[in-house]
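One structure follows; several queries about it will come next.
Chain nomenclature is as follows: A, B, C and D, assigned in order of appearance, with residue numbering initiated at 1 for each chain independently.
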Amino acid sequence: VGRNSIGFIGLGGMGEPMAANLLSAGFALRVYNRTTAKAVPLVEQGAELAESPADACEPGGVVISMVADDRALQDVVRGPSGLVAGLGRGGLHISMSTIGVETARQLADEHARAGQHYVGAPVFGRPDAARAKQLAVCLAGPPEARQRALPILRDLGRGVWELGDEAHAANVVKLSGNFLIAAAMEAMGEAFTLAEKHGVDRAAVASLMAETLFACPVYEGYGKAIAARSHEPAGFRLDLGLKDVTLVQEAAKASLTPMPLAGLLRERLLSALAHGDCEKDWSALALGARRDAGLD
Amino acid sequence: VGRNSIGFIGLGGMGEPMAANLLSAGFALRVYNRTTAKAVPLVEQGAELAESPADACEPGGVVISMVADDRALQDVVRGPSGLVAGLGRGGLHISMSTIGVETARQLADEHARAGQHYVGAPVFGRPDAARAKQLAVCLAGPPEARQRALPILRDLGRGVWELGDEAHAANVVKLSGNFLIAAAMEAMGEAFTLAEKHGVDRAAVASLMAETLFACPVYEGYGKAIAARSHEPAGFRLDLGLKDVTLVQEAAKASLTPMPLAGLLRERLLSALAHGDCEKDWSALALGARRDAGLD
Amino acid sequence: VGRNSIGFIGLGGMGEPMAANLLSAGFALRVYNRTTAKAVPLVEQGAELAESPADACEPGGVVISMVADDRALQDVVRGPSGLVAGLGRGGLHISMSTIGVETARQLADEHARAGQHYVGAPVFGRPDAARAKQLAVCLAGPPEARQRALPILRDLGRGVWELGDEAHAANVVKLSGNFLIAAAMEAMGEAFTLAEKHGVDRAAVASLMAETLFACPVYEGYGKAIAARSHEPAGFRLDLGLKDVTLVQEAAKASLTPMPLAGLLRERLLSALAHGDCEKDWSALALGARRDAGLD
Amino acid sequence: VGRNSIGFIGLGGMGEPMAANLLSAGFALRVYNRTTAKAVPLVEQGAELAESPADACEPGGVVISMVADDRALQDVVRGPSGLVAGLGRGGLHISMSTIGVETARQLADEHARAGQHYVGAPVFGRPDAARAKQLAVCLAGPPEARQRALPILRDLGRGVWELGDEAHAANVVKLSGNFLIAAAMEAMGEAFTLAEKHGVDRAAVASLMAETLFACPVYEGYGKAIAARSHEPAGFRLDLGLKDVTLVQEAAKASLTPMPLAGLLRERLLSALAHGDCEKDWSALALGARRDAGLD
């Protein structure tokens, strides 16, 4: 194949299948992960192992990051072995982690000061969607940088939605999406509890909704789980859900946007954690409505 | 052609196309509406005009009602010219209006005491869906009564979801569905305002969501309207939305089910009415998040 | 002694000591209670027993009512043996029950149509305060009617606060007061739980607040109970608390006034009822914050 | 006169009168403020001017801090010219600022590691109360350290409430108090708007409440302001109110304590800021209920 070489930072549940897809698509990859073991399968598929984030970069090249949270990304970008140090002038950082809006803004600035480009490209989809190239990508950043990122991102998902020239806009949208999911889960938690209290089968309500008004992935999948109160194993852990809702609230505060429904979700998630549901899927937030109603 | 005669009460925006579809399907209809003018087109299509709800009934026959609210339905059922008086023993009332759970329970009792059957069969869908036989029907009531209602209901919509032996269960589910819609609208109102405050195009967010996680009618249709703040003409008036959320809250109170999100919706709808949005579509409840954020 | 004769309707926990105080103050009383037994002690103190609300009235005279709820008061006012029938032209109904705003408005109209006066005069205070003439009276209604009521009301409490010419205004204020009490209880429930979760003694926080910023009856009394989670026996039952918060919400709806905090209180009270706390004092609503926090 | 020398850090609106009171009480003071000009009046009253926080300390001595926020206090404590560096073994830091619980915990640790003592001693009261020695002091920390702090604190206020052995407990309680105040303001905002919408005078309701159930400083003072919608000049700025409610929410999150009412307050304060009320008193949060109700 012989396409360009790309750096790839972060080989966790999401990053590993994404990197593997890029390899299959013909990209040469230099991969880095904090714990090296996770890189082994990719090296066996032909990736080169980098010793630091900077080492994964080529001067003026492209590097993708997909790490756990704001702190992890800051660690990857900053310092003598970080991406800013490694990318050189004209380099491009495609930042795909779910991070806070303010962090995105700061990192974009740090790259810009080094003559580098930064685009936000967080995704919707779980590891299985990543493997199946079914991620939905939110893309924002300077136009030329987006142009450069687009062909790569198209090999990672089923579509790229462009959201303007400011990189952090992509994170606003990614967080908004997670907020919408959590809101739908709370709504179902309340509705199904109302039904249950009136002697109606929770699963029958969930089916009806998922087959009619709400025939879409979020209501289909989470609806079934919430109706059955089946929240293990976790697809997305409840404590990570709280992390994301907290990021939503920080973005809301920074922009002076009251979001009472986000506030309700926060209280539900805190209550779930207080009841020991940390390891459950974040859809377990819907148990709160049932507990409130005296059903345990 | 040549099928049984059915009574049909209530020829408003929903009832008229439903009755027309039954005529086309070969049912003989006796129709009644409080204001006779609305019955004219149906009479031209072959329906017989009844002079009262009771007059639309045949002893032991089937009558369908589709009226505006609890009060209207109680007026139709009770009294010397009401359905209980007209149906006779063994008659069946298919009650399709969006009414409260307690009202449904009472009317089922009143019919039962007269040796009659009552099923709840409220629907999801607007007048255009009614005309296109695309309604989704929630059906509940005694098994034999449901059996008798099913073939008729199948001529009115795209599917019938059965929800158990107690007629009011169908109303719980119908109200739950309207609650889920309103909750989704509030969530979008907050999410799109967050995006707007960060300089992101509301419509771009709405599209992304409607094409990915939330590719379903509620998010597609209302999402577009909420993004564009386009709430006129009303598909479903905001004051009727408050009526339905109030019915949800009454059902919640009767069953001791706390529903904080329903409470939030109530406040949003009240605030919209206080700002003069009574004639707008109920999706205008999403304007509240924007007003709160100082955008006017 | 030798003052005018007054009718007094409703000899429950509140009405009985109030009537007794009027007797002591020299008023001649004609008393009525649905169950006659409760009238016995007053008759022994010199009151005359009336056989119906109408029978307690003198044409053009004054009658006081203090009954359980809207329904009870409507029953007392309406019908052939009701107050409207008994009072005659120029009579005055001093309505002291805690009732809804709309009911007050209707009853004022009904009396007015009969050429009678109606003032709203609900009170703050429990039975012990009633006995000790320490009630605080909210008074509203037409000026001359208020003038006529004032000397009587001054014998029932420690003060009369006049709130304008429309009788229902007094009920708005009474309900607002109960709302403020419930809001303070919820606030303490959350604050004390926060303290407890951080290892701070709930009672110490309650004392500090009641000795400084909040040195007033509501925070002193309820603060101690909420800190100790001591909610029995009930001073004011939780289900009655929900009745009053519901009246607040109805007044809010009628006037298009969003009250999110009232909504929160409603959910707390419903949850308490769902957990079997119906017989407890309404301060048990504060247990909700603790349950949410996983402390049981 | 002739009492021990004390260091005093932070001479703003609160710190200056507190320091002046200590001088009057006979303490020798070494004072430090980031901008020296504010120290001049105290120097004229006999205080010695320190060049850094460390310089205000005597080895093994006592130092009081009263600064604007967490960051300012961290700057005062840490670094080569900070309190930890200056206090020496056996020194005592009496920390009186309103800061977050986690910050308090960290600073207590940092002092402990240096063989020093730290007590939390935040106060209730505004600058006028500080000047009049009417502050209420929340005190927590190791018993001997509290013993050492008590005689000094008694010269600053009208009482000291002891809250256990962990310094941060005092901050939990201080923040809880501010939360209770804000909750009371929101409750009044809703209640007075309900009254206004029914044609009842806001001020009349405020008076009644402040003279009866809520005869305490918070309802008296804020009640009058909220009734009159008089929020300037600010006694405590709205943005500082949001800072404190945010600290409450952080403490709630750290302890897994859902606080829906705190969440409501946050949204109100954000909305007020979005409407340009940043410079107003934080009681302006009560305007939100009125705006929601369409009154502007």
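As a working rule, contacts are C-beta pairs under 8 Å (C-beta built on N, C-alpha and C of every residue); 3 or more make two chains touch, one makes a residue touch a chain.
These numbers come from a predicted model, not from an experiment.
Undergrad: Which chains are shared contacts of chain C and chain D?
TA: A, B
Undergrad: Sort out for me whether A-D or B-D is joined by the greater number of C-beta contact pairs.
TA: Comparing B-D with A-D, the pair joined by more C-beta contacts is A-D.
Undergrad: How far is the middle of chain A from the middle of chain B, if each middle is the mean of its Cα atoms, in Å?
TA: The mean C-alpha positions of chain A and chain B differ by 38 Å.
Undergrad: In whole angstrom, what separates the CA-based centres of chain B and chain D?
TA: Spacing between the chain centres: roughly 54 Å.
Undergrad: Just curious, how far off is chain D from chain A if you go by their C-alpha centres, in Å?
TA: Their C-alpha centroids are separated by 39 Å.
Undergrad: Residues of chain B that contact two or more other chains, please.
TA: Only 252, 256-260, 264, 267, 270-271, 274, 292-294 qualify.
Undergrad: Which part of chain C faces chain D closely enough to touch in the complex?
TA: Residues of chain C touching chain D: 101, 124, 136, 138, 140, 159, 161-164, 166, 168-169, 172-173, 175-177, 179-181, 183-184, 186-188, 190-195, 197-201, 204-205, 207-209, 211-219, 248, 251-252, 255-262, 264, 289, 292-294.
Undergrad: Which residues, counting only chain D, touch chain B once they are in their complex?
TA: 260, 267, 270-271, 274-276, 288, 291-294
Undergrad: Can you list the residues on chain A that touch chain D in the complex?
TA: 246, 252-253, 256-260, 263-264, 266-268, 270-271, 273-274
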